[in-house]
Structures are given as structure tokens and as C-alpha cells.
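Below, chain A partners chain B and then partners chain C, in two separate complexes.
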Partner chain A sequence: MYDINLKSLTKSFGELQAVNDITFSIPKSSVTVLLGPSGCGKTTLMRMIAGLDTPTSGNIFFNDTDVTRVPTKRRNLGMVFQSPVIYKGTSVKHNLELPLLSEKLSSSEIAKRVNDVADLLGISGDLNKMVEELDNGTRQKIAVGRAVARQPQIILFDEPITNIDITAKLELKRSLKEVFSRLSQTIVYVTHDQTEAMTLADQIALMQDGVITQCAPPKEIYEKPNNQFAGWFLGNPGMNFIDEEHINLSGTEITSSLFIQTIEAGAKVSKVKTLGVRAEAINVSSKQTPNSREARVIRKSLGIGGQYLLDLEYGSLKVKARVTHQVGRDVGESVWTVIDSNNIIMFDENSVAI
Partner chain B sequence: MTKKVLDFESKIKEKKTSVASTNKRMSWLLLTPVLIFFGLMNILPTIWMLGLSFYDYTLTSSKGATFIGVTNYMDFVKNEQLSQSVTRTFLFLLIAIIFQTLFGVLIGVLFWKNDKMPGRRFALTLFFTPMVVTPIATALFWKLILDPTFGVINYFLTSLGLSKTDFLTDTNLAFPTLIVVDTWMWTPFMALMTLAALGSVPKAELEAASVDKLPIRRQITTVIWPHAKFILMLGILLRSIDAFKTMDLTYIMTNGGPGDRTELIALSLYRFAFKSFKLGYSSAVSVFLLFVAIALTAIYLYVLNARKKAEEQS
Partner chain C sequence: MSIATTMTPSRKKGPISLLTMLCWSTAILFFLPIAWIIATALKPKNTVLDIPPKFFFMPTFQNLLDAINFSNTLAYFVHSLIYSFTSVFLAIFVSFLAAYSFSRFKPAGTEFLMFLLLSTRFVPAAAFVIPFFQLFNLLQLKDSFLGLIIFYTMFSIPFSVWILKGFIDGVSTKFDETGMVYGATRSHIMFKVILPQVRSGLVAAFVFNIIFVWNEFLFNFQLGGLKTYGIPVGLFTSITKGGQVDWSFVASIGTLYVLPLALVIFFFQKYLLVGLTFGTVRGEV
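Right after this comes the complex of A and B.
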């Protein structure tokens, strides 16, 4: 299998720098998700890997081979597009076969691959149907099947779930998870949806303004964002940020109206500009406990999975907290909160974690 | 309480209907001038013509219009010259459109493939000029180009040691020459339609085809043709309807000659109506032409509809 190495890759469209000097390695035989808000350059980056866009400068290597100027056809990769691409006027089976026909395979091998991939995606029953009869979800499965059946070294997914209606979405996501667990290929997956990224990725490469800001496994990137953007973009709600006016720095210690303890930060203290706390890292209780801070509930809403989202107020400081149980306190009443020092992340003036 | 809500709802409904009816009235009001114009200039004359086709009515004759039933139509069917002219028109249409489509597609594909070629816009503009020049002007300057004594083509022919040829009066060459000029004039149109047709192929499908390593042949059959066929066919149909009415080229360049070698139906019709002033008879011929045009238009609408359906499916 190939790993993908990008060297100073840049793509600009006129004034706009879609991809800005990215040097990065995508490890082989794993699922790398390029995650970021719209317009961050993730699709452009993928299209350059596919050879559908030409970089303004920089190089792309598959293993050690420079493929920057190699046309798409000779890059030995598969790709699934945002809108499901099917070849019209033919059956599902023929759609899956088409890319295999130019691969010089025996007909029994072709039949085997088509059946395997149809089984894997759960579309065996549809093999003889005409593609026009199928809904978008199934069409996208065919597109996935086409990419997988050819067994290329690299498979690229460009927001494959975005254009699918909500009911088919979940099923397709499950199928993809299943497919990914079986494949040993290098997979690059572009999305703006963090849940998708969290579910499917071996590692997430977070992109902002044409630059990859952090690449780490989902859990790590969530818990240890190395900049404020990562903290804000991942999680729902995003990370709470406590700015300077609510922080006191003295010597090597940090105190705040948010928590009662003193954080010993050593020499780092001088650089601290902002603190970050995840909503679920704030432990909320209805009774006063030792070492807790009092807060007032100013809003209360029900989140997904029976979770509650509380807007809390500590004097002039407002944060969001997420709890999995009924706190039994209404808007306007007091609660008491505790935050573990390990869950408090420090950021410097450039919004980078320290 | 409930009554109040109901009252409120009915009021909203009332308001909505009144807005809708005002909108409807307004749209009719705005349409009226066009409808009047269309009725006076298209519908009325057509009905008039339909009626006239059952009369013997010649402007140069002293007797007035006399009803003769379908005699005009019978004459038209029996008239060998006319039926030859109809056959010739279809032949002209067929050959011209085959060449125009062939060259048009070729050039269209060339422009489509090289969409980053420097000077592409300029080349396109230049290339499409024949289509926008008035046919009369085209006919006139081609007549000059082909002129046996001072035409540029004969200049080259003689400088190559070949004999002078009068393309427009040669019995074997006049008809093909006309097709060449028509092709020169309308190939750009087919190229434009080809570009539009190719433009209707979704980019993602083309990209998927190149990722899937489909050979060119399969790319054409499975990706390009299913999308492009509609606009291309519409182009061919539009061209057919237009070619069927070709009049200016033959009128200026050959006036139907030599003999009747280049006499197309529209020219014959012109002669009957405005040279012999046989209004009844020429009306019958016009009705025939009208039906051919309607038949072609019906196919055109059918294709349009098929395209809409195909789009809805995806």
C-alpha cells in the first residue's frame, strides 16, 4: 500500500489561497479524515491527491514516487464523490464491473469481486436492477463499491454522505465503517461533519484556512486540541474559553472565578492568555460540595441522548456545561461545580495550546 | 376563541386569493400586447392561408376567388416538378446536416477538450461569425468567391494549372456547392450545440470516469452520450427545421438553377406566390410545409420532454 506525502503543497485560485504550503504525510493502510469548515481547502487538497486539480506549487508523492504531474488515470486510486456518480442506463452489476473491465481480469475474478463488494455493502439483492430505480443512498453505495472492487492502493472519499437524505445517511455511514474495517488501503476521507470524522477516522487532520492545524486520533484531538480552533470546532457545544479578564496569574499559579483550586503551571504562566474547558468537564451538582464554585443556571436545554445543556454564570463569566443526569435545578437557581485541573487547557496569545 | 381563529384563517385565505387573482390579472395584462401581435401576425394569417388553400385565387386573373375544394392539393401531389423539389429539399437537408453535425461535433469536442487553450475565447468568437452574418451577405460573398472570372477560388485553381470552373452553373457541382456553403454557415451552430451538450455532462461523472480508468469508448457510451444526446438532438432538429426553409442561399446564389438543380421547396413557393401570384395554390404548398414543420417540432418537443424526464430521474 502507498502512503501519501505532501511537500509544500500550495493551490491558489487567483487571490485565494485554498491550500497553503502543506507538508504532511498520510500514513498507509489507515483512515485519515480531513476535517474542517467549508472553504478550508480540504476538498481542494483531496482533488490534488486525485490529480483532478493541479497544484500551483509543491509536490505529491505516493511512497517515494513523485505523482504531481501524473494524470488521474495512472495514479491507481479510487474516488467517491459528493454527489453519487452512477453510470446511467445500465444495471447495478454492470456499474460495479465497468472499472474492472479495463483491468485485464478473468471473468470469474470480476464476478467474484462484484459479488464480494455487493455483499459487503448489502446491495446483493439489487445487482440486476437498473441504477435509475435506486435512491441516492444506494447509488452512493454503488459508487463506493466501484471504488473498492478495483482494489486500488488509495481510496478517496469526498463528503460521500453529505448529499444523502437523512434516513439513508445512517445506514451508509454504518456500511462505510464496515468497509473501512475490512480494507487495508490508504483511505482519505473529506468531511465537515465532526460526528462522521469521529466515527470513521483512525486519525483526523483538522484543516483551517488552507493549513492542517493538527493531526491526531479522534480521542486525542478532542481531548488535547493543540489550538483554540480545534477546541472550538470539535465538540457540540465547542470548548468553553475563559479569557484574561477572568483569569488571575500570579507567579507560577493560575486562579479563576470558574474553579476554586490553584493551578501550578510553572514557567508557562507568563504565556497564558486563555483557558479552555470542555462542557462535559464541568461537574455540576445541586448541593454544595467541598472545593466547588457556586454558579447560577441561566438557561437549560435538553441535548441528544438524554443529556442536559446548562448555561452557567459565575459573576460575569458565562460557560456551557453538559450533564448526563437531572440536576434538579431550574433557571435562576444555584448549582455547584468542580473542574479537574487535568481538564483545563492553556492557550497562548496565538491561540496555541501550551 | 375557535371562531376567532377561524375568522383569522379565512381572512388570510381571502387575502391570499385576492393577491393570487391580482397577480393573474396582471400577468394577462402584461401578456396582452404580445398576444394581440401574435394573433394578428401569426394565427390569423395561418387560418387565412388554410382557407385560401381551398380556393382558386390568382391575383393577376380578373375573376375573383372560387372555391375548388382539394384541387390545389391534388395538383401539388401530381406536379412532378414540385415533388422533385420536395425530394431535393430533403436530400439537401439530410446531406447538409450530416456534414454540419460531423464537423460541428469535431470542432465542439476540440474546443471542449482544450478549455485552457490561450486565445480560446477569441478563436470561438471568430469561429462563430459565419453563423451571425446575414445569410444574404453570406450568399453574396460566396458568389463572389466562387465567381469564374474574378473569384479567389478560381484564381487558385488556375494558378495550380487546373481549368476554370463555374461552380454555380455546373449541373453536377451547383447542388454540392450549395451544401458546402450551407455547411460553412451552419457548422458553427452545431459546434455551439455540441459545446452546450458536452457542458451538460456533470463534471463529477467525467472525473469519476477518469478515476475509474474507463477507456474513451466507454466514457462516451456510459457518461457523455446519455447526457449530451438531448441537446445534440435538439440542435439537429432545430437545424432541420431551419434547413427545410432554406431560401436566401438558393435565391441569391443560383436562383434554383442550373435548370432546377438547386430549386428547393421554399424557392418554388416564393415563385408561385410572388411571381405567378397563384395565392390559392401557394397556400396549399405552404400548408404542406407547415405540417412538415409541425412534425419536426413535435419530435423536438418529444426530445425536450424526454430530457426533462431523464433529469428528474437523477
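Right after this comes the complex of A and C.
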């Protein structure tokens, strides 16, 4: 299998730098998710890997081979687009086997691959149906199947479940997870949806304004964002940021109106500009506990999984905290909060974690 | 209960059948001239100019047979078929390539180029019939099928490019890119992936252009000759055979003349409606 190495890759569209001098390695036989908001350059980056866009400068290597100028059809890829690409007027089976027919494969090998991939995606029963009869989710499975059946070295997914309706979305996400766990190919997956990224990725490459700001496994990138953007973009809600007016720095210590303890920061204290705390890292209690800070609930909304999202106010400082229903406090009432020092991340003036 | 069930449909049926009648009568009104021509062709020669006209008569095929056997009729027919079908087929092929390029590669100034393309059809034909006559004489293309086919192909291309570009724009570029990823060549993508999806557009462009070329008189008359005259010119030159207008002959030729087009349109009409909307009803797939 191939790993993908990008060297100083840049793509500009006129004034706009969609991809800005990226040097990055995508390890082979793993799922790398390019995650970022719309317009961050993730799709452009993927299209350059596919050869559908030509870089303005820089090089792309598959293993050690420079493929920057190699046409798409010779890159040995599979690709799945946002809207399912299916050939109407033919059966599901024919849609799956089309790219195989032009390769020198025996008919039994083609049939085997088609059946295997149909089994894997749970569409064996639909093989003889015409594609017009199927919903968008199943159509996208066909597109995935077509990419997989060809057994290329690299498979690229460009937001494959964005255009699928909500019920089929979950089903397709499950299928993809299953497919990914069975494949040994190098998979690059583009999405703007963090839950998709968290579910599917071996590592997430987070992109912002044409550069990859961090690449790490999902848990790590969530718990240890190396910049404020990663903290804000991942998580729902994003990380709470406490700016310098609510922080006191003295000597090597940090105190804040958000927590009662003193954080020993050593020499790096002089660089600290902002503190970051995840909403679920704020332990909220309805009764006063030792070493807790008192806060007032100013807003309460129902979140996912029966959890509540509280907007808390500590004097002029406002943060969001995620709590279970047991806390049971309402707007206007007081709660007491404790934050473990390990869950507080420090950022410098360039928004980079220190 | 039974009253209700019998009454509901009849109340519904009323306005619909009235509308249907209106549609039919409009359609018949438009079809009348053609019906008249066909009827005249089938009437015995001596009853054609009867007043009041005879609506019921014993049809005869003698006029049609006479028309077919008259001098060059068959030859004119063959000429018409040769130059119209060849040129329109050629035009559609060239236009498909052009429309694909405009749609996918979007060369600088695509919109202006598309405008320029159609602008050749703005100029009245009479304005350039003489220059073309001189040009064809110079190039020794006068009275040759090659010349007529070149001319009619050129004349059919602009409109075809417009129709086809609309259709190809309606097919997502993801089809092209998926093809490329799976190792297809550009020509495979064009002819095996995109072309089947714009079939309606091809048929629409074909029908519109064949109607035009089949009916074209002026240029066939000026640039053609005895070896290449088509039906319209043939009809015009033999309309006064024998010193007077022979209406049975005119109607017979007219009937034969309408036939190929009527067949083409009848068999392809399901594509035409989509074609008339320039493919815009198709969503992005």
C-alpha cells in the first residue's frame, strides 16, 4: 500500500490561497480524515492527491514516487464524491463492475469482487435492481462499492455522507466504519462534520485557512488541541476560552475567577494569554463543595443524551458547562463548580497551546 | 351513496373534456393546411378545384404515382436525404465535441464565444447568399454535395452547440472525474459516460436542424445545381409544369415531402419536450 507524502504543496485560485505550503505525510493502511470548516482547502487538497487539480507548486509522492504530474487515471485510486455518481439505466451489479470490465480480470474474479463488496455493504439483495429504484443512501453505497471493488492503493472520500438524508446517514456511517476496518488501503476522507471524523478516523488532520494545524488521533486532538482553533472546532459546544482579563498571573502561578486553585505554570507563565476548558471538564454540583467556585445559571438547554448545557456566570466571566440531569438547577439559581487543573489548557498570544 | 359516486366523476369530467376538446380543436386547426394538402393529393385531378370543395371522395394514388414518376422527383428526394441527414449528423457530432469543451474546460470568454457562435444566425440569409455563391464558384463547390454539406453543417452547428451545452451542463462533472479516477480516457468519458445522459439533447438538436435543412430553399437554389437540387427547389421549378399550376402535383410532392419529417418527429417526440427546455429541467445529478 502507498503512503502519501506532500511536500510544500500550494494551490492558489487567483488571489485565494486554497492550500498554503503544506508538508505532510498520510500513513499507509490507515484512515486519515481531513477535517475543517467550509473553504479551509480540504477538498482542494484531496483533489490534488487525486490529480483532478494541479498544484500551483510543491510535490505529491505516493511512497517515493513523484506523482505530481501523473494523470488521475494512472494513479491507481478510488474516489467517492459528495453526490452519488451512479450510471442510470443499468443494474446495481453493472454499476459495481464497470471499472473492473476494462481491467484484465477473469469473469469469475469480477463476480467474486462484486459479491464480496455487496456483502460488505449489505446490498447483496439489490444487485439486480435498477439504480433508479434506490434511495440516495444506497446509491452512495454503490459508489463506495465501486471504489472498493477495484482494489486500488488509495481510496479518497469527499464528504460522502453530506448529501444523504438523516436516517440513511447513520446507516451509511456504520457501513463505512465496517468497510474501513476491513480494508488495508490508505484512506483519505474529507468532511466538515466532527462526529463523522471522530467516528471514522485513525487520525484527524485539522485544516484551517489552507494549512493543517494539527494531526493526531481523535481522542488526542480532542483532549489536547494544540491551538485554540482545534479546541473551538472540535466538541459541541467548542472549548471555553478564558481571556486575560479573567486571569491573574503572579510569579509562576495562575489564578482565575473560574477556579479556586492556583496553577503552577513555571517559566511559561509569561506567555499565557488564554486558558481553555472543555464544557464537560467543569464539574457542576448543586451543593457547595470544598474548593469550589459559585456560579449562577443564566441559561439551560437540553443537549444530546439527556444532558443539559448550562451557561454559567462567574461575575463577568461566562462559560458553558455540560451536566447530567441530576444536577437539576434552574436559571437564576446557584451552582458550585470544580475544575481539575489537568483539564485546563494554556494558550499563548498566537493561540498556540503551551 | 350511489348518486354521489356517479355524480362526482361526471362533475370532474365536465371541465376536463371541455379543455380536451379545446386542445383537440386547436391542434386540428393547426393541422388543417397539412390535411388539406394530403386530401388534395388523394383527390381525383378533376375535383381538386371544385367549389364547394368535396370533402368526401374516392381516394386515388394516381397523383402520388404521377408525381414520383415525373422527371427528377425521385432524384430530388435522394438529394434532399443525402445532404440534410449527412450535414445534420456531422453538425451534431461536431457540436457535441464543442459543447463538451465549452461545458467542461470553460475556455476564457466562453459566454462571448457562445454569443458569437449564434450571431451567425442573426444575419438575414439574403445578405450573404451572393458572397456564398461567389465563394462556392471560386472553390468549385457549387452543385456538389460536399459544398452543400459543408454549408448546412456550418449552419446547423450554432444552435446544436447551444442546445447540447445546456444538456451537458446538467450532467455533474463528478461523472467525468469518477471516470478519470477509474482509468477512463477522455473520449471514453465523452462518448460512453456523458453522451448516453444527453440523448434527449442530441435528438432535440437533430430534429430542430433537420426541419431547418430539409425546408431550406434559398441556398440550395443558389449553391446547388441539377446534380444536387433538393425537393424544395424541385417543387419550385416544376410548379408551373405545362404552363399552369398543377395543384394535384404540388400537393402530392408536398405530401411526400412532409412524410420523412413527420416520421422523425413522431418517433422522437418524447425527447422533444425536454429538448425544448434546453435541458434546464434536469437537476444536478
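We take it that the second predicted complex is superposed on the first by the 353 of 354 C-alpha atoms of A that agree within 3 Å, B and C clash if a C-alpha of one lies under 4 Å from a C-alpha of the other, contacts with A are read in each partner's own complex, and residues count from 1 in each chain.
The rule is simple: a residue touches a chain if its C-beta (ideal position, glycine included) is under 8 Å from a C-beta of that chain, and two chains touch if they have at least 3 such contacts.
Only a predicted model underlies this, so the values are computations on that prediction, with no experimental measurement involved.
Taken together in the superposed arrangement on chain A, chain B and chain C clash. Contacts of A:132 after superposition on the shared chain: chain B is touched, whereas chain C is not. Of the two partner chains placed by the overlay, neither chain B nor chain C lies in contact with A:349. Judged by the touch definition given at the top, the superposed model places A:313 against neither chain B nor chain C.
When the shared chain is aligned, no partner comes close enough to touch A:294: not chain B, not chain C.
Of the two partner chains, neither chain B nor chain C is touched by A:264. Remark: of the candidate stretches 23-31, 41-49 or 167-175 in chain B, the one overlapping chain C after superposition on chain A is 167-175. On chain A, the surface touched by chain B in one complex and the surface touched by chain C in the other have residues 50, 52, 71-73, 77-79, 81-83, 85, 87-89, 98-99, 102-103, 143, 146, 150 in common.
On chain B, the positions that touch chain A within their shared complex are 202, 204-205, 207-215, 218, 222-223, 226, 310, 313-314.
Residues 50, 52, 71-73, 77-79, 81-83, 85, 87-90, 98-99, 101-103, 132, 143, 146-147, 150 of chain A touch chain B in their complex.
Note for the complex: chain C touches chain A at residues 172, 174-175, 177-178, 180-185, 193, 196-197, 284-285. The part of chain A that touches chain C in the complex is made up of residues 50-52, 71-75, 77-79, 81-83, 85, 87-89, 98-99, 102-103, 143, 146, 150.
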